[in-house]
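Labels run A, B, C, D and E following the written order; every chain starts at residue 1.
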Amino acid sequence: MTGEEWEIIALSLKVSGVAVLATMPLAFGLAWLLARGRFPGKVLIDALVHLPLVLPPVVTGWLLLIAFGANGPAGRWLADWFGVTLMFRWTGAALAAAVMALPLMVRAMRLSIEAVDRRLEGAARTLGASPLRVFLSITLPLATPGLLAGAVLGFARSIGEFGATITFVSNIPGETRTIPLAIYGALQIPGNETVVTRLAIIAVLLSLGALLASEILARRAGYGKGGHVL
Amino acid sequence: MTGEEWEIIALSLKVSGVAVLATMPLAFGLAWLLARGRFPGKVLIDALVHLPLVLPPVVTGWLLLIAFGANGPAGRWLADWFGVTLMFRWTGAALAAAVMALPLMVRAMRLSIEAVDRRLEGAARTLGASPLRVFLSITLPLATPGLLAGAVLGFARSIGEFGATITFVSNIPGETRTIPLAIYGALQIPGNETVVTRLAIIAVLLSLGALLASEILARRAGYGKGGHVL
Amino acid sequence: LLALAPARVAARGPLVLAAASLQEAMTDAADVWAARRHEKPVLSFAGSSALARQIEAGAPADLFVSADEEWMDYVAGKGLIRPGSRAPFLSNRLVLIAPAGSRANLTIGRGFPLARALGTGRLAMADPDAVPAGKYGAAALTSLGVWDGVKGKVARAENVRAALALVERGEAPFGIVYATDAAASRKVRIVGTFPPRSHPPITYPIALLKTSTNRDAEAFRRFLLSREGKAIFARRGFAVR
Amino acid sequence: MSFEIAVERRLGDAHIALSLTSAAGLTALFGPSGAGKSSVLNMVAGLLRPDRGRIAVAGETLFDSAARIDLPPDRRRAGYVFQDGRLFPHRCVRDNLLYGWRLAAPDHRWMTLDEAVAFLGIGHLLERWPRTLSGGEAQRVAIGRALLSGPRFLLMDEPLASLDAPRREEIMRVIERVRDELALPILYVSHDRAEVERLASTIVTLEPARVG
Amino acid sequence: MSFEIAVERRLGDAHIALSLTSAAGLTALFGPSGAGKSSVLNMVAGLLRPDRGRIAVAGETLFDSAARIDLPPDRRRAGYVFQDGRLFPHRCVRDNLLYGWRLAAPDHRWMTLDEAVAFLGIGHLLERWPRTLSGGEAQRVAIGRALLSGPRFLLMDEPLASLDAPRREEIMRVIERVRDELALPILYVSHDRAEVERLASTIVTLEPARVG
């Protein structure tokens, strides 16, 4: 493997890792809201979360460009207030990956939150736990399967993210050129299938790693299942 | 809206609907295997299911082309034995959508299967139910939340599917030109943003419909939650 | 950090946004340029439409090489290029291809029997409504009077490479691609070249962007447009003007 | 002989070992909390596999590690009332009650829904979801579900624990009739001495044994 | 006055209405299955909101629909032993026991882990997951968890239902001491007459009332 390829792998890991970790709290919050909330605009939030799944990635990238580009309202605000620019930067790639991964993460987490036995939360309240503490000590850990599934899905989706990324932050070596963009580049050159295959295998191995890690973590937290089967 | 646009919408619905419905049994079987099975190659199956998520869609489309093209091994087999051709046909678009939706469907279903209380399955066995009947009458209905979530995710993903479809079956009006392909085409022409916006809104509305339908079904089957909160 | 940022921009080569089909040739050119003790240009390859929209959104880039005039016009229309810096850069030829093993024999000319040769098969080409190569292809077939016969048999690919792949795999008996693409693939055979007058001239325009801050940008543009620069592209099959 | 049980099974640190042969009628399994009573019932029902041993009920061998016999739970025809109810949450009370009844061969059934509903006093609950039932109501539905499945023998794990005295009396009377008129073998776990002394023809005490 | 309760609540077809004022000591709530005993306990704990009424314990008003008082459950300091255990499945027995203890103000605690473990006989279970416990073991852990949370009063829903006689005796003695030495008000649900007569200073019977 060439040094350039190592750089691409490292960048993909950084972009996907940051995207998933930074999105976890937001995703869990949204999942919680959708699982538990009863308010008028709920279906709209639900639809909004699903948006990046429904739209072709290129459109999502284009919307990100309009909003977070140097001339976009959100982009200008980020630049003025935090000195953060996203365009052509790896941070922008991470944002694109995060947006694309969000619906998958939210759904998985929501499923697990809905499966939490709410009577246990009531029991915790009688033992003196505030709603926030119940959330942190009961709901959150009981939703571990969904958290892990969400993280794995989000990571895999981020590793494979292409359309929104290239549309939003272009294809800049060392900054936004993740594995899928490199694969796209290699595909542009006829007869370059070995590079494509190698990069694809690397992407698969990275996700396999995430998959294994999540299985191990799930087994650690596996109080609920396995064991004796009555 | 033009007649051409109606055609595109009808095609998108057909492709996504068929993709999701046809994939449900396979997805549930895989989810069951991954949730319950204990066999050596499990992580490999898990990885294989996640593959379309990890790979850039263009690569998935390319692999489909190699396997299911008229000259591909699977494509030839389908043609010889069932007289089915996928190349340049809406069936091929449905296959691409199904493959892309599969990982999302499997994960959601798996989460719900893992949340099923296995002691209830034991109780059903003592009441005379065979393993298959336990599966159909206990496991499957108790996994309803995951089934619905999987269907919605899969449908939304199918409605938004672009890269694998265009690579595999190209963009043929009335046959494989679904909403995302039409959007992509429109995006390539400068100043065509209104068409893009209109088609994108239609895609979103279709998914919103699926979302609402699933919420209503979930409420119908909502024996497990809501109600009194102890 | 803020103090370092401008320094970093200066230490870096110009950022070039180029159409994806230029990938190999442009990389060659950048390597030659870098070998001359210049900072190596940073190259970003994507579809011309994506690049144009990034420029419109305020992307801090230096040079833009579009695959057609239309997207360069778009960017120019928004006042985003340096006046006087736009120049026609490269050209290409359009060819009809068939899988390497095909024995199809066709001579491109007015009313040539492409539809009959296709039979039930499909003609793979980039989307004639959207992608430059497809537009040129449709124009050529129209002027040769065969478009009406084949337009219902077209498999519209996302880009030229995807069309090429369909022919390489034998999924489509014929395809229309750029000569550069056909030359690079050993799995296809060129059946014929479309007469240059059968379609609007294929040009890849180049321009310096308004936002450019890199002091090497103009020099690199000149290098690309120089005889030496164009020779690099000619070696990859592009026609140069 | 109604129950012939000789099993051993290790569960974590606990080592459960029981050997009993009981005459016809109701066999009460007595013993301190954690001794392994529920585990024994699970082994007889086929839900927990003994490490070794033999289980026969009314002359039919259900499990024999030496002879490699291990009848699956759905072919043992046990009517099992679990310590923790285990109603199906996605089926209304009526469908819970009829779950086993519908699966049973018609000539195996020996009770109708109406009979069960009447003596358990659950007629007003038939359309309800299990999660809305009170503790005692759920317990009664669980008893009904087990009896309606047309079992050949009964396994009852503290079936009367959360019931009031009149209900208890009524259900005990039904258990006595099942024991005497239908002559079904019954393996019965309870901590209530009076209950056990009234119902049981054999009383077996399970001693807890911990490993190490 | 230990408990002053006057509540009404409709649950499906059931209409639960209770009015009681009890002296110090243990108040037993008696009544047929489905009468609403658990629902009353849930209302006192703050888990179920009465349609109207007032709840006060040891002089402190926890709920008053007229005065719009509704203390959240975590500020009522109830030690609630649920009818169905409700152990936290993701925490080992020790962490279940200490869950409320850690949240309690130090001067509210009146029992240590060691004391609870000793009289409940659960020392060997501390590292276990709840799903591996037997019915009676889980019940004892649930009692310990409630007592360790430093409650101001106790709500016990058939706490001894699935325990053997010696355990029962031991725990009853602890309840008596809590009642007498700590003078905690206790609201106690049981179907066992003997148990109730021994422990209770007030016995209240809840009549079932169905709507329509």
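Rule of thumb we're sticking to: a residue touches a chain if its C-beta (ideal position, glycine included) is under 8 Å from a C-beta of that chain, and two chains touch if they have at least 3 such contacts.
Everything quoted here is computed from the prediction, not taken from an experiment.
Participant: Count of steps on the shortest touching-chain route from chain B to chain D?
Facilitator: The least step count works out to 1.
Participant: How would the remaining chains group if chain E were removed from the picture, with no chain shifted?
Facilitator: Once chain E drops out of the picture, we keep one piece.
Participant: Using mean CA coordinates as chain centres, what's the gap between chain D and chain E in Å?
Facilitator: Centre separation, chain D to chain E: 29 Å.
Participant: Can you check how far apart chain A and chain C are, centre to centre, with Cα atoms defining each centre and the answer in Å?
Facilitator: Using C-alpha averages as centres, the distance is 34 Å.
Participant: Can you work out the whole-Å distance between the CA centroids of chain C and chain D?
Facilitator: Chain centroid spacing, chain C to chain D, equals 78 Å.
Participant: What are the residues of chain D that contact at least two other chains?
Facilitator: 11, 47, 84, 132
Participant: Which residue numbers or ranges of chain A touch two or more of the other chains?
Facilitator: Residues 58, 62, 119, 122, 184, 187, 228-230.
Participant: Once bound in the complex, which stretches of chain E touch chain D?
Facilitator: 11-13, 31-34, 36-38, 83-84, 124, 128, 132, 134-137, 139-140, 157-158, 161-168, 191, 193, 210
Participant: Once bound in the complex, which stretches of chain B touch chain D?
Facilitator: Residues in contact with chain D: 119-120, 122-130, 133, 137-138, 141-142, 144, 221, 223-224, 227-228.
Participant: Over in the complex, which chain A residues touch chain B? Could you list them?
Facilitator: Residues in contact with chain B: 43, 46-47, 50-51, 53-59, 62, 103-104, 107-108, 110-112, 114-115, 118-119, 122, 145-146, 149, 152-153, 156-157, 159-160, 162-163, 179-180, 183-184, 187, 196, 200, 203-204, 206-208, 211-212, 215, 225, 229-230.
Participant: Which of the residues in chain B end up touching chain C in this complex?
Facilitator: 58, 62, 65-66, 69-72, 87-88, 163, 166-167, 170-172, 177, 184-191
Participant: What does chain E use to touch chain A in their complex?
Facilitator: Counting only chain E, the residues touching chain A are 45-47, 72-74, 76-80, 82, 84, 86, 88-90, 99-100, 103-104, 129-132, 145-146, 149-150.
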